[in-house]
Amino acid sequence: MLFSKRLIFSISCVFFFSFSVLAQAPNAQSKQTKTLTPNKIQLALNWKAEAEFGGFYEGNIKNFYKEKSLDVSIIEGGSGAPVPQLVASKKVEFGIVTGDEIIVAQARGMDIVALFAVYQIFPQGIMTHEARGFKSLEDVFNAPGLLALQKGAPFALYLEKKYAKNKKVKVVPFTGGVAPFIKNSDFSQQCFVTSEPLSARKMGKAAKTFAVADSGYNPYTAVVIAHRDFIKKNPDLVDRFLKATQLGWDSYLKDPKAANDFMRKLNPSIEEDIFQLSSEVQVPFIVSDETKTNGTGFMTSARWEELGKQLVDVGVIKAKELKSASSYFEWRLPSK
Amino acid sequence: MQAQFKMTLNRFVPFLFFCVVLIFWEAVTRAQWIEAYLLPSPSAILKVTHDESTLLFRALGQTFQNSMLGLVCSVILGTVFGFLFARVTILRRIFYPYAILFQTVPVIAVAPLLVIWFGYGNTSVIVSSFIVSLFPMLAASIEAFRAVPTELQDLFRIFRSSRYDQFKKLDFPYALPTLFTGLRISAGLAIIGAIVGEFLSGQGLGSVIDVAKTQYRSDLVFAAIALATLFGVFMFFIVEILIQFFIGHWHSSRK
Amino acid sequence: MGNLDSFAFKVDSLSLSFQSKVVFKNINFETSDRQFIALLGPSGCGKTSLLRCLAGLQAASLGTIEFQAQVGSDLVNSKISKSFVFQKDTLLEWRNVYQNVALGLELQSLDFKSKEIQQKVLAALRSVGLENVQDLYPHQLSGGMRMRVALARALVVDPQILFMDEPFSALDEPTRERLSVELRELFLSRPMLIFFVTHSISEALFLADRVFVMQNGAIEEFPSVLPSKNRSLEHRFEPVFVNASKAIFRKTMKASDASSV
C-alpha cells in the first residue's frame, strides 16, 4: 500500500512537471517554427481580392504565414472600406492602404504606421481614348471634355493644381467602372493601370493611359499598416508577419497562378484573362532596383518626406500637422 | 402654482435631456474614450461649421433646391397617378407593381446609372430625390382616393354634380389628410434621396460628406450630417404647419 | 328644380339580380307625389338596393320606373329634383354647417353667395332648428345635430322625392324619436314623396302612410293605422298600433323561419 502510494505520487509529479515544461514550450521556442498555438491575426484589404493583393493570399496558400505560427484571416474590403479606422481603433491588426492615407490619418489622430509597400510606383493613372491622340496629362487638362476623378482625393487635388493653367476639361466625380468611358468618346477617367484599361480594351475601346506618378505624385501603394502601439507591444509577431509577407510576394511574383485561381473564386467578377494580365502588368510597379537590393516592400525616408510636402501643398493637411518621415514608416526587414 | 410648475417642467425636460446628452458627448470625446476620428466632439463640430460656413451653407442651399424639386415632382406625379390608379382599376393592376420598385430599389446602386443618364449636374440628384420620395405619396394618394365613401359619391350624383365639381369639392378635400400623411414621409425621404445622389454628382451636402470622408475629416462629415438632419426637422415642421393651415380647422390628426 | 308640379310614380315589374342571386323580383306599385312610404325589412333583405334603384343610383335588371307619361328608368337625369339621406350622415367634414347645407344648391351651379342661396339655406336650417350653429364644423356636433344637418342639406334643394336609408338607426332612442316627430311635421309642411327605409316596425308605422314590408325579394303592403296629421309618440302604445305591429311582426317572423331553413 505504501509502495503504490509513493509510486502514484512520483508518477504524478513527473506528469505534472512534464506538463509545465510543455506548457512553457511556446515561450521558450518563440523563434522556432513549431509551436502549439499560432497567433490569430486579421489583415484588412481596401478592395476586393485582386492581383494587387496576390502576395498576401500567396502567403496563406503556400503556408508562409502558417510556418511562422500565424493564422492570417484576409478580410476583403470594398468601396469606402474604413481600413485606417479599423487599424487605428485596433479592430484588426494589419491593414492595406495607400501611402498618402497614412499621412492624412496621422494628422487626424490615427496613429498608424507603414511597414511594407507592395507598389513602389503609384499605379493610379488617367485613361483617355487613344483616338484623341493625347501626348501628356497636360494635353488632357487643356482639352475640352470630361475627366472623372474621385472628389477630394489627394492625387486628384494634386493634378488639378498642377494643370490649373489653361485648364479646359470639366472635372466630374468618379463613379466607378468604365461604362461612361465606353459610352462617351470625349470622356477620360482615373484608373488603376492594372485593371480598367485592360477591361476597356477588351470591350473594344483602346485607351491611352498616363501614369499619375509621371506627373510627380508618387505615394507607395498597397502599403501594410499597423497601429504604433501594436508594433511596440508585438515586435516579434510583426516581424514574422512581414517576413512571411515578403516571401509570399516573392513567390507570387515568380508564379501568380495559384493565388490568382484562389482569388478568382473570391472575386469572380473579373475574367480569368484579365486577372492574369493584371498580375503581369503590375510587376514593374512592384519590382525595382531598390527592391532587388533591399527586398520587396522596401521604403525610403525621401519618398515619405516628398509625399508629406505635397499633401501640405494641396491643402489636405496643414503645415503644422506634418510630421517627420520617420513617424510615418518603419522598415524592419533585413536587406537581402 | 403646482400645475403650472409641472407644465413648464414638462416643456423644459426634453431640452434639459438634450443638454445632458451634449455635455456627456463632449466629455466622452475630450477624455478620448472615443477617438476624434470616429466621433468628433460637439465643440469640434461647431468649430468646423463656423470655419467652413461658406462651403456648408452653400451646399445646404444646393441640397435644399435639389430635394425640394424632387419632392415637388413626387407630390404632383404621386397625387395624379394615385388618383388615376384609384379610379381606373386596370391601370392600377398593370402599373402598380412597377411603382413598388420605386420603394425597393437600392438607390445607392442606381445612382451611378442616373449619372450616366442625366449627367453630372443637379438633374441626376433631383431624379434620385424623386425616386426615393415617390412611393409614399403614390401609396397615400391611391388609398386616399379609394377611400371616398360611396354614399358621398352617390350624393354628388343625386345632386347632378359635374365630374370636375366632384373632384374639386369631394374627392380632393376628402383625400387631403391622407395625402398629407404621405407628404410627411416623402419630405424626409426627398432629402435622403438628394444626399445619396450628391455622393456622386452636384455640390450639395452629400458631396461635402463624400469629400470629407475621403480626407478623413470626421468633424466636417458630422457637421454636414447635422445640417442635413436639421434640414429634415425643419421640413417636418413645415409640413405640420401646412397641415394645420389647410385642414387644421376640421381635422385632428390624433383622431 | 322640378318642372313638374305633380306627378304619378309608377313602378312596374322591377327586378334586380346580382351574380345570379335574386335581390328582388317583380316589384309593382303606384304612388302619388305626396306620400310617405316606408320600406320595412331586416338587414340584407334588399331594401337598400331597392331604394337605390328607385333613386336611379343603380340600374335594375328588369322593369321600369315611370313618372306620369315620362318613360325612362334613369331617375337621375330626369327633371325631378331628388335628395338622399344616408344611414351615415356623411357630412363634408371640411365645411361648416352652412356650407354643407348649401352644397346641393352649389352643385346645381347657382351662385354660392347670392341672397337667394342664403335665404334657402337659412330656411332649411330653421326647419330643423339649427340656424344658430351655421358656423360650427361637423366634428363639433352631436349625432342628432349632424343628422339634422344632413336633413337640411337634403331639403334645401326643394326635393320632390326624398330617399332616406335608415337615417336614424345610428342615433340613440330619444333622439331617434324626436327626429321622427320632426320629420313627420316636415313632411306635412311641404309637398314631397318620401321613401324611408327602416328595419324598425314601430318607426315605419309611426312615420309612413304606406308600409311596404319586404321579404324574399317581394313587397307586401300594409296601410298606416294612424291619422295623417297630429301623430304623437304616444300613439305607438294604442291598441290599433300594437295590433298592426303584431301583424307585421308575425308576417316577417313566418318568412324568416321559412328562409332560415
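Chains: A, B and C, in written order; residue numbering restarts at 1 for each.
Operating definition for what follows: a contact is a pair of C-beta atoms (placed from the backbone, for glycine too) under 8 Å apart; a residue touches a chain by one contact, two chains touch by 3 or more.
Source: prediction; values computed, not measured.
Minimum number of contact steps separating subunit A from subunit C: 2.
The most central chain, judged by the distance from its Cα centroid to the centroid of all protein Cα atoms shown, is B. With centres computed as the average of Cα coordinates, no chain lies farther from subunit C than A. With each centre defined as the average position of its C-alpha atoms, the distance from subunit A to subunit C rounds to 86 Å.
Spacing of subunit A relative to subunit B, judged by their CA centroids, is 41 angstrom.
A straight line joining the Cα centres of subunit B and subunit C is 48 Å long.
Every residue of subunit B that touches subunit A in the complex is listed here, in rising order: 35-38, 111-112, 115-116, 120, 200-201, 207, 210-218.
Contact residues of subunit B toward subunit C in the complex are 149, 151-152, 154-162, 165, 169-170, 173-174, 176, 247, 249-252.
Those residues of subunit A that touch subunit B in the shared complex are 80, 84-85, 88-89, 101, 104-105, 108-110, 146, 150-154, 170, 172-173, 175-177, 179-180, 183, 316. Touching subunit B in their complex are the following residues of subunit C: 52, 55, 57, 76-77, 82-84, 86-88, 90, 92-94, 103-104, 106-108, 137-139, 157, 163.
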